[in-house]
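Next, two complexes with chain A in common: one pairs it with chain B, the other with chain C.
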Partner chain A sequence: MTNRFLTHENLSKLVADLVAANTRVIAPVPAHNDPQKIDYATIQKLEDASFGTQLPRRSAKEFFLPTTEVLLRYRDGKNGFEVEEVPTTAKPQVLLGASPCDVAAMEIVDKVMNWDYRDELWFGRREATTIVSLLCSKMDDTCFCTAVGLGPDAVRGSDAMLMPIDGGYFVRVVTEKGEALFKNYGTAQLSDAMYAQARKSGEEAHKKVETNMPAIPADFAAALARNFDHPLWKTMALRCHGCGACASVCPTCHCFDIVDEHDDAQHGVRRRNWDSCQTQRFTVHGSGHNPRASQTERFRQRVEHKFSIYPSRFGEILCTGCGRCSRTCPGGMNLAEVVGEFRTLAVSAQEGSAQ
Partner chain B sequence: MKALQELASKLLSDGTVKVVIGYEQGPRGVRPAFITDPAQTSKLIFDRRCTQNLATYLNPRRKHIAALGKAGVVVKGCDARAVAGLIREQQITRDSVVIIAVRCGGVLEDPTSTAELTAETTSPRCGHCQVREPKLHDHLLGELPPAPPVNPRRTEQIAALEKMSAAERMQYWNAQLERCVRCHACREACPMCFCVECRAERALPQWVDPSPTARANRAWTMMRVMHQAGRCVDCMECERACPSNIPLGLLARYIADSVEQRYGYKATDDPGVPAPLGVFRTDDGEEFIR
Partner chain C sequence: MNLYQPHLMRICEITDETVDTRTLKLEFRDPAVAESFKFSAGQFGEYSVFGEGESTFCIASPSTRKGYIECSFKAVGKVTQALRRLAVGDTVGFRGPYGNHFPLDLMKGKNILFIAGGIGLAPVRSVIWTVLDQRDQFADVTIVYGARSVGDLVYKRELEEWTRRSDVKLVTTVDPGGETPEWKGMVARVPTAVEQTVTSVENTYAVICGPPIMIKFTLPVLLKLGFPEERIYTTLENRMKCGLGKCGRCNIGATYVCKDGPVFTAAQIRQMPQEF
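And now, the complex of A and B:
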């Protein structure tokens, strides 16, 4: 792959050309309903984007798994029951300036989306999207991407990464898609100084997050599973409202619910909507029995799924350390704190067995 | 706050309560604390960052908290109104909870902030607060601090909305509700949303479509706010909990003002005052029936 250098004007031209070619360009922008906050949304020109210092409120997952989407339409007509499926191919789109934690999440979630069933809607959008991440400068003390093997400079899931350097952007091209997007823009003539500056800014960003949390050890999943009945779950879950706001802002939470909604007696749609294991309703059976009877079990489920169940099934942690859940939680729950508590237990168990 | 810590320690030691629900310093600002051990009461704090309404945790639906046993709860005046609401609506009995009230000088809108109270940082609900010294209490702590600065944001927003045409208002709310994902965090954080089964989750009949479409988001939000008429204590926890920052506190304030104008009822920390929509009065104007 050939790395490139783009000036701000080059990037602006790229966006303009994409928009002119009817390609949807999505970037962080001041939120529609609250300009103090940032959302990912469609832009018409580069100036609409805000690459500033704040992580978007929600991750970018909604551009692959929308908050609500139609799966099929049905009609009870003269010829019986008719079903019309929706197309699984998506229009081309470019996600520009996305945070590395949001981008890495896509590849992590790919695994479950292609597990016992291939989710064509998800992969239709994945294939139609070119992802250009931006070296992260938005970190605060709630971030812990480096502890889960990522980082503000991690290119996992990116087709290319923009790294701001003097006079524009060093573009680290990662995939063919990224190469195709940038090939006619800027220059491939890169000086050693450009490489050095990009490398240095990446390393500096990485260091800023590293101090927040040490790397999660490989045996953490086993430690969590072993402590399934630990009393800490109960005490930590007390302040949890069970609202699921954490899941709605999370880049890796991907659970959905499927519902039928009737337009009238003959017509209806089947939709899938975001769902969350934090709600009472998520596991309640038709009989009324709920295997996760209280918030203790629901809170534990979210943590176990991310750090034990998903790793045991797919070989990796279902968390990119973005910290959004902790920033959003109205009850003051903190995922880094939870991880810290159980890490201590994992370490003390190791020490115990060594003796 | 020493008096608070000493009182909590005494209540836990003598078995009056099994848990004290108060505030502690968390990893990100102040957060709710559940103290069951008298030795842990030194964690308890009370200051301008204690924004959360802890009455939410008294909701009997929260089985994991109810299982701890009788609770003592730290309340500000606004929160005491929620405790009164729960008693008024027979969710809890007065003797099932020990109310530890603290005289309040206003709180920050954001409990993770470290700012001083100013016209920008103070919760808009604190402006002209009439219950800074709650009457509903078993214990009343602290000296009465000076009144907080008034954050005019919400009053100004409501005035601006009232000047709009119906079409403009619809446009405003559609733009806001576009971001609603129907996580229902507003409901879960609300002390007065205690229904065992929310109408939003009834499938037979389907009162509100579960999908976060424009139509269903409007229906959900309007239904919730209408169900809060004469019940909302204006703690703004719904707005604080919303991950999409939808200004739900505007609707809450508006419905509370409407109830006050029509029925002369204002949210109160006196559980003996009947709910405006739960009482029959022969002098009721009933002007909406004609």
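And now, the complex of A and C:
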């Protein structure tokens, strides 16, 4: 892959050309209802975007797994119900300036979406999207991407990454898709100074997050599974309202509901909607029995799923350390703290067995 | 075809099992699907009423019979109540078959003890008929089936048929107080009936399904009789939406009922966290 250098004008031209070619360009922009905050949204020109100011309120998952989407349309005809499939191919789109934590999440969630059964609706959008991340400079003390093996400079899931340097952007091209997007823009003539500056900004960004949390060890998944019945879950869950806000802003939470909606007596749609394991009705049986009857079980499920169940099934943590759940939680819960508590337990158990 | 696209099926027969339990016989509207559709006893599917939603049940008919499937359900929620309003000729959706199945290959040449309670007979019935359709490949077949009352027994015509067959030993039982003056079966709870019926566990597999309370009290009886945990099979239920390992509902710790199950051995269940 060939790295490139783009001036701001080059990037602006790229966005203009994409928009002219009817390609949807999504970037962080000031939120329409609160310009102090940032959301991912469609832009018409580069000037609409707000790069590097703060982490968007929600992750970018809605462009791959929409908050609500039609799975099929049905019609009650003369010979009974007929079903119309929805296309699984999506229109080309470019996600520009996304946070590396949001981008890495897509590749992690790919695993469950391809678990024996391939979810073509998800992969249709994945394939149609070119993802250009932006070296993160928006970290705060809630971030812990480096603890889960990522980082503000991690290119996982990116087709290319923009790294701001003097006079424009160093573009680290990662995939063919990224190469195709940038090949006619800027220059491939890169000086040693450009490389050095890009590398340095990456390393500096990395260091800023590293101090927030030490890396989560591989045996943490097993330690968490062993502590399934630990009384700490109950104490910690006391702060949980069961609102599901954490799951809503999370880049890796992907649980969903499937429901039917009438348009009229003869027509309607079956939809997939975002859902959350934190809500009380999520697992309730027809009989009324609920295997996750209290908030303790529901809160434990979310943490175990991310740090124990997903690693045991797919070999990696279902969390990119973006910290959104902690920033958003109305009960002031902090995932980093929860992980910290169980790490302490795991370490003290090890020391206990060593003695 | 996207994953969530159901097959269209026509209701061709409706049987009322009890006051609130009904069996639907469904045939594929597309003859090509009817021809190619295969499943194994123990697998489940997502049944849907268009406009109301999807619901998860096992396939209650045997895998040896082609061209149709059956499901038995109690009208307890939105979808099951809507299913109950449907008539012969109406269309429902079906996605499946999903999940694993009972290991009939392992059980060939062996005795099988079937134990079921209430509507828990539905998945067991699929295995029973699959076995009876290939009767010469299995040794003794014993069925212990119980319900709260005589009125709660499902598949009554089939119970009569199994009673008449000389190659099946059927014991039916109802809970004390649930009997009628005409009742000829046992009056005892299922665990007691099992204790009084089973004499040998030699060369035998157990297949058990019923309410959690019944399973809870029957398992110790089976273990006491000498069944190894690995030869006791049951089927679990949990709320599901996708049936495909994606929607996040049915897992018990790291075990997904939809993909690792729904059929598990008692040994596997003992190792699961107590969250089901």
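The rule is short, and it goes like this: the second predicted complex is superposed on the first by the 354 of 355 C-alpha atoms of A that agree within 3 Å, B and C clash if a C-alpha of one lies under 4 Å from a C-alpha of the other, contacts with A are read in each partner's own complex, and residues count from 1 in each chain.
One rule holds in what follows: contacts are C-beta pairs under 8 Å (C-beta built on N, C-alpha and C of every residue); 3 or more make two chains touch, one makes a residue touch a chain.
Because the structure is predicted, anything quoted here is derived from the model rather than measured.
A.B. asks: Will chain C clash with chain B on chain A after the two structures are superposed, or do they fit?
C.D. replies: Verdict on chain A: chain B and chain C fit.
A.B. asks: For A:A16, using the defined touch cut-off, is the partner it touches chain B, chain C, both, or neither? Pick first, second, both or neither.
C.D. replies: After superposing on A, A:A16 lies clear of both chain B and chain C.
A.B. asks: Based on the superposed arrangement, let me know which partner A:H32 touches: chain B (first), chain C (second), both, or neither?
C.D. replies: A:H32: touches chain B, not chain C.
A.B. asks: Report for A:V259: first if it touches chain B alone, second if chain C alone, otherwise both or neither.
C.D. replies: In the superposition, A:V259 contacts both chain B and chain C.
A.B. asks: Regarding the shared-chain residue A:A41, is it in contact with chain B (first), chain C (second), both, or neither?
C.D. replies: So A:A41 meets neither chain B nor chain C here.
A.B. asks: Which partner does A:L232 contact after superposing on A: first (chain B), second (chain C), both, neither?
C.D. replies: It touches nothing on chain B or chain C.
A.B. asks: Once the two structures sit on chain A together, report how near the CA atoms of chain B get to those of chain C, whole Å.
C.D. replies: 6
A.B. asks: Which chain A residues come up in both lists, the one for chain B and the one for chain C?
C.D. replies: Common to the two interfaces on chain A: residues 257, 259, 262.
A.B. asks: Write out the stretch or stretches of chain C touching chain A in their complex.
C.D. replies: For this pair, the touching residues of chain C are 1-6, 8, 10, 29, 48-55, 74, 76-77, 80, 89-91, 93, 212, 237-239, 241-242, 244-254, 259, 273-276.
A.B. asks: Give every residue of chain A touching chain B within the complex, in rising order.
C.D. replies: 31-34, 37, 39, 57-58, 67-68, 142, 234-235, 237-239, 241-245, 247-249, 257, 259, 261-262, 271, 273-274, 276, 279, 281, 293-296, 326-328, 330-332, 334, 336-337
A.B. asks: For the complex, which residues does chain B have touching chain A?
C.D. replies: 26-34, 52, 56-57, 62-65, 67-68, 111, 175-176, 178-179, 181-185, 187-189, 201, 206, 209-213, 237, 240-247
A.B. asks: Quick check: in the complex, which residue numbers of chain A touch chain C?
C.D. replies: Touching chain C: residues 71-72, 74, 76, 80-83, 85-86, 88, 112-113, 115-121, 225, 228-229, 254-260, 262, 268, 270, 272, 275, 277, 282-287, 289, 291-292, 297, 301, 304-305, 308-309, 312-313 of chain A.
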